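Take a look at the structures listed below.
In the two complexes that follow, chain A is the common piece, with chain B as its partner first and chain C second.
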Partner chain A sequence: MRWIWIDKFVEFHSGQSAVAVKNVTLAEEHLHDHFPGFPVMPEALMIEAMAQTAGILVGEANRFKEKVILAKIKKAVFFDYVKPGDTIKLNAKIDSIAPEAASTSGRITCEDKLIAEIDLIFSHIDQNLAGKEFPEENFVFTDTFKSLLRDVVFSDDKQNSEAK
Partner chain B sequence: MAEIMRFILIDKIVSLETGREIKAVKNVSLAEEYLADHFPIFPVLPGVLLLQGLIESASWLVRKTENFAHSMILLEQARNVKYKSFLAPGSQIEYTVQAKAIEEDISTFIGFGLSEGQRIVEARFGLRHFNLAAQNSAMAAVDAEIIENMKKRWKILFRNPEDSLNKP
Partner chain C sequence: MAMSRDEVFQKVQEVLIDALGVDDDEVTAEATLMGDLGAESIDFLDIVFRLEKAFGIKIQREELFPAESLLNNSEFVSNGKLTEKGLSELRDKMSHTDLTEFESDPDINKLGDLFTVDVIVNYLESKLNPAQ
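And now, the complex of A and B:
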């Protein structure tokens, strides 16, 4: 099992909100354990998919300078389950952002059906966990994660290219 | 058919008190592939998999308490899941989950994880339990298959000779 729980961003409004999608497929091995005989996407991994959507949104707001780590799941409520063949859409928005931390709220939908509501708190660990040493390199935001943004054009990039 | 383990986030059930409490442990090893992504040069167990350890522990408490009555046990809600520290390869975490209520189709819990005396995670959460046949009677055979598979898995996770399910 790798650790990438969204496939790509389809909307990105820097510092405000973003939408990502994830396809759920039987080719994902872990589904065969959850559950053997009736595969559904584990709820914990839907929380992670939201954490990656919202975490990249928070990271980009500071131009990926901070190491953004999930500090707390304020609330995660599930209304239905998700099966192989489904595409889920993850909508995340930033509620507040400060030097040490950020809070986000989000919804997961599948077609028009609400699957989950997930509110998270992220920590900027270099600012926050006094006394702990972390590697200097930003290990949270790797090139793999940045490639998820391939299809979205940032509003300032757009202005730059229009200005040229 | 032999079971292949691809999404099992506890290694062993240490104790179980029907209807009340379960303790389970998980070892964290660099052999787990996802640690290479989370994170390169700083491998730690992802926070949602700490929650998954609590969910799986609670699910076994439900299965055992209601004698494997339901095939599907899913997370319905989690609140105030707090991460206190990181869990690196080479460490072991012990989960303790206490039932607040286990009803016919829902249950609620409080749980935490400890490693070397340090609290790593704590959470409040609730599960829902159901059979697929409740919505579609044609699914009864699938329910039975899942329950059989979960009984086999239970024998791997809980090796207490006093437990009746383990008797030949």
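And now, the complex of A and C:
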């Protein structure tokens, strides 16, 4: 099973940009300790949420054929807290994409307030790491991820369903 | 419009400061990317993307940093050293680099030392100002 840390995509422009949302709840047990009496979303988990948003955007650009792995955090700057009950919006944009990697920039907002700016680099691992071999099957993009895309219909899917 | 070598160097310096989190006085012409500036393989991709943006050109990673593709080929590497064939391939691919010192002991562990700030500047100069 893969750990999913965003709730769904609300916008998706193939190969360019995407917007996902995550609802933050006090039912997330780590918030009880982070911090006692002052629950705020850990910043490392905001990076994870952006990595999933941008990672799926990068994966979809190559129709999920590549195994996309977070390789570098270029920038992560945080401006405000995220608290239980908040819905955060994760905006990701592809800045550059090459056969072996992609570079993305992202912003996290909550009710139009800027929470964080997070820029990442993803590696297409089969094209990298000097000849090391990885399993044939794509262990990065499993079916579990598909439910995240339930609300955003890709243009060619649309055409297919219209043709039916 | 042709850029002077100083202008190219300055832009390269800015790119490396941002990509590797180093100080401007560390980014000298002779500094090696891996040894002196602490670059890892993924940083090379980051640098290529940033150089493309800064100079508005397309850069093939293979062209700028050709070592990786050589290392995967057993014809080019034997006992941790580049073979004659590997060396000639490297000369071919890194025409903008002086390889004399490396050739005397073509240990693949020293390949990283070939990538200096100067090599990037040389490459970009040849790309931006092709010989008339």
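As a working rule, the second predicted complex is superposed on the first by the 155 of 164 C-alpha atoms of A that agree within 3 Å, B and C clash if a C-alpha of one lies under 4 Å from a C-alpha of the other, contacts with A are read in each partner's own complex, and residues count from 1 in each chain.
By definition in this document, a contact is a pair of C-beta atoms (placed from the backbone, for glycine too) under 8 Å apart; a residue touches a chain by one contact, two chains touch by 3 or more.
Note that this is a predicted model, so its numbers are computed, not measured.
Q: With everything superposed onto chain A, say whether chain B and chain C fit together or clash.
A: fit
Q: In the three-chain superposition, say which chain, chain B or chain C, touches more residues of chain A.
A: Larger number of chain A residues touched: B.
Q: Of the two partner chains, chain B (first) and chain C (second), which one does A:103 touch, if any: first, second, both, or neither?
A: A:103 contacts chain C only, not chain B.
Q: Looking at the overlay, what does A:144 touch: chain B (first), chain C (second), both, or neither?
A: So A:144 only meets chain B here.
Q: Using the touch definition from the top, say if A:27 reaches chain B (first), chain C (second), both or neither.
A: The answer is neither, since A:27 touches no partner chain.
Q: After superposition on the shared chain, which partner residues are touched by A:42: those of chain B (first), chain C (second), both, or neither?
A: The first partner, chain B, only.
Q: Contact-wise, after the overlay, does A:134 reach chain B, chain C, both or neither (first, second, both, neither)?
A: It touches chain B, and chain C stays clear.
Q: Just chain B (first), just chain C (second), both, or neither: which does A:74 touch?
A: In the superposition, A:74 touches chain B and chain C alike.
Q: When the shared chain A is used to line up the two structures, what angle, as a multiple of 10 degrees, is there at the CA centre of chain A toward chain B and chain C?
A: Apex at chain A; the opening toward chain B and chain C is 80 degrees.
Q: In Å, how small is the closest CA gap from chain B to chain C once the two complexes are overlaid?
A: For chain B and chain C in the superposition, the minimum C-alpha gap reads 6 Å.
Q: Name the residues of chain A shared by its contacts with chain B and its contacts with chain C.
A: In chain A, positions 71-72, 74 sit in both the chain B and chain C interfaces.
Q: Flag every residue of chain C that touches chain A in the complex, lowest number first.
A: Spelled out, the residues of chain C in touch with chain A are 19, 41-43, 45-46, 48-49, 52-53, 61, 68, 71-72.
Q: Can you check the complex and tell me which residues of chain A touch chain C?
A: Interface residues on chain A, with respect to chain C: 71-72, 74, 95-96, 98, 100-101, 103, 121, 123, 128-131.
Q: Where on chain A does chain B make contact in their complex?
A: The touching residues are 1-4, 29-38, 40, 42-45, 47-48, 51, 70-78, 81, 134-135, 137, 139-140, 142, 144.
Q: Over in the complex, which chain B residues touch chain A? Could you list them?
A: 3-8, 33-34, 36-42, 46-49, 51-52, 55, 71-72, 74-83, 123, 132, 142, 145-146, 149-150, 153
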